[in-house]
């Protein structure tokens, strides 16, 4: 067997990524926090935290609770606002060697539009990811992610003001994800990210109160992987013609392969980075090894392969 | 900051519910400052999932060792305490800001006020102050529920010029709270600065007493953590004045008492 | 402190249960499988498997996959049909010393109605639990659980033909569980069970095919507990006036207390029984111990206590 | 059936990837029949969550011990194999139906056809047949990839009147598959009954050869399990003729070959 290096490159929303592995928004800070432990230029892309128009302090603590094979978070979109993001947070990524994707959130369509416009002016930004799915603020985007109508309106409005590649991140807290995915595609999104966190909560039985300051939070980590794989599978089966970025509980290359085989062109790593900071690197290496082992020349060959009988 | 697999060279039980681990990790031992912590993976399974932050109690740069004092309060700390010598532990560190050292001009008493397992980072601070000593005296005050809840007190005592203990049941030292010892000390003049680590209500009381006495106070905070490196914004505590938040893992764990909204900190 | 034995009894749908702990349908067989390991008369109730009008062979294997802190199942409502259930499966429970709750499923409203009628004639049956939420068959009930209209129609129809206490078990695979809960209550259910399993899947990366014979399956176990607690919390907050039976990942008394504090009057234990067959007993003992430790005289005092500030 | 905490008295590696554990559990040792299994909790955490079924390889009723042969194929079996002597394991058992014994009138050869770790329940069966021996001979046939993949073969060999080994690479015994050994044996007359345990494709071939030779065949199946006690219907395999299913944990794990729809069994 020849030891040809497999081709891991993929295209998402018109961007060519060196490999299909990126961090998940909100788990990788502003991209620099993990730079000691992970070479940014080795990543398919760098995805930074949700950015809103005005600064947001975020929710009252506690913001994190561990749960079985997962965690709840209720950060509440803490961020310094798009002006500071553009001025201070993005410039250090200018030469990071990977495309930079900025996750955007807001309370109204106008908020998103304003953020998208401001980010469009930054040379550092390669793509926008619309966060239509944050469960952790009263009006932080999830309302847009629950019904096709409002979602389409949001995506169209952002689409109208940006020529950047546009990714829409969907909420899993819905009865059927396919109509939402379809609405986003029809409104002009170039790619879909799925999934954001599942809405959950935990109760402190001694204090008899919710553990999180925000009462509910978003469940992430390995616990949710079966739900995430199922949603990627469903959206892939609908054949909407845009690439999918799969995420939710990926800890290893094998987990990432479940998403790719289910139909994801790329994957994102969230909670796993907290546990093992170089998970992205391990996944990239593991995908390459899988390809070599199985004679797969390009990772693109196996996207959605589990749908073929 | 590094992620390393580190071998436990020795481990022994301490007091009612603690364990002392000595870990071989030369690079972390060389880099860690007093008040910094390591983020420890406590299982290879997905449950429990997250790392646990543990202060470095002492770093022996020659030997390439660090020492941790672990109080068994739940599954993670119990798993750590159960590990035998020879086992390997995955560490991320050193993390956090550490205690600021008193300036060279500081004179008077440096007070270390510890509650229970909060003694750990103060042992390291006392150790370092020994070598930096100038015109100040280091004075340790340690409180616990009983004589069984004063882990590694000799480690602190041996590094202080003056040392007092209080226990709630009177089984060792003065009967009462460590804040009473602090009160006596502040009543005399001459306290230059206070460093404290322990349960939140204790630290809140210490902070308030220091504010009243106009003595600078540094407190080492705890909060449940995700990343430990400042990326997730999960470990925040409310900042004083306004509705901002500070990250315990990156902006702390050591804060000047006046940085924090103590009344909003809760338990 | 006096060592008074705490009162664990609760009322659900007009039944008085000795304590609020019962097995979850489908995880306890026909009630006799675990009789060696668990005294049935010590349970709040015995809940047996889904019963359909005609015998059902169930889905092709593999039917079970382990996932992080959970499992997927796709049993597919295998059961011998209501006639055999009434004739052979229920009589052994006649003197088990606990109320017997039978879970019912079907493809059409008429199916459910026919099953409910037949079961109403059995003296062994204390209550019916409408399974409007099985994700594992093409037409096994979940379609009823996803929209308030069809759910109300189903519950009313069953309500019309039975005087047995009626519990409706809801699916968590919905955008908002509250309208469904309300629809079931308005249609006459006496109690609500929540939650059934989350729809998930897993892929075998060697074979590049779904691991389950049925492709998707229902996710249960500790992984889903935060989602389940959140749904109980939401339904309790809606104040619909019927008792809730909470379930989803309960492994211990502390887990059960999360549900009770969130608003569940009783709890059910599913997957945990596979791991630790006497989990029900351990939970009952643990609840009693919690009450003693905290001076709670009746468990009913703390139902929903986490809602009180 | 009982749930017991059982102590590992000894544990040793066996062949390339197996471990033999001896567990103290008098009640299970007293009750278990050949072909039955125990359902083993492999961690105290929620991950991995489910128990793992493992056949009893031998039960020593006097000593109150059972012996398990564990092949390390994943996290659960690896965790079991790593446990030191003295550790405690939570067992549920004995479970399943076990092998039916040959009737008292059986004469001729009783063939035990094992593949790899499938040898375990057949060792127990051979052991019991020794004590029940009447007019039959017990003959063992064992196959594996190489001499490193014939765990505990001496345990089977020592309990058979006749014993043959095959390996795919020829490193021990005949080169080839165990089914070739079986073919040779069936070609001679005199086989009364076949008992088999091993990989599914091997057992499917054995079943077919026995059907053709009109020799009764009993096969011990594997399937991923939930409860292990017949309650969850998770562990089924397709029954012959029609679309019914049989539970491996309760109706099996031992089935008459003709009970099963071998063509639908898959890997």
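Per-chain residue numbering starts at 1, and chain names A, B, C and D are given in the order in which the chains are listed.
As a convention for this text, a residue touches a chain if its C-beta (ideal position, glycine included) is under 8 Å from a C-beta of that chain, and two chains touch if they have at least 3 such contacts.
If you're wondering where the values come from, they're calculated on a predicted model, not measured in any experiment.
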**Request:** Would you kindly say which chain has the C-alpha centre located farthest from the C-alpha centre of chain C?
**Result:** B
**Message:** Looking only at C-beta pairs that count as contacts, which pair of chains has more of them, B-C or C-D?
**Reply:** C-D
**Fill in**
Distance between the CA centroids of chain B and chain D (whole Å) is 55
**Message:** So the centre of each chain is just the mean of its C-alpha atoms; given that, what is the distance between chain A and chain D in Å?
**Reply:** 47
**Distance between the centres, which are taken as Cα means, of chain D and chain C, whole angstrom** = 36
**Message:** Among all residues of chain C, which ones touch two or more of the remaining chains?
**Reply:** 68-70, 221-223
**Asked** What are the residue numbers in chain B that touch two or more other chains?
**Response** 46-48
**Item:** Arrangement of touching chains [line / ring / star / complete / other]
**Value:** complete
**Message:** Under the stated contact criterion, what part of chain D meets chain A in this complex?
**Reply:** 46-47
**Request:** Name, in rising order, each residue of chain B that touches chain D in their complex.
**Result:** 43, 45-48
**Item:** Residue numbers on chain B that touch chain A, as the complex places them
**Value:** 1-3, 41, 46-51, 92, 223-238, 243-245, 250, 264
**Request:** Using the touch definition up top, name the residues of chain A that touch chain D in the complex.
**Result:** 68-69, 222
**Item:** Interface residues, chain A side, partner chain B - complex
**Value:** 26-29, 33-34, 36-37, 49, 57-58, 60-66, 68-71, 73, 75, 78, 221-223, 251, 271, 273-278
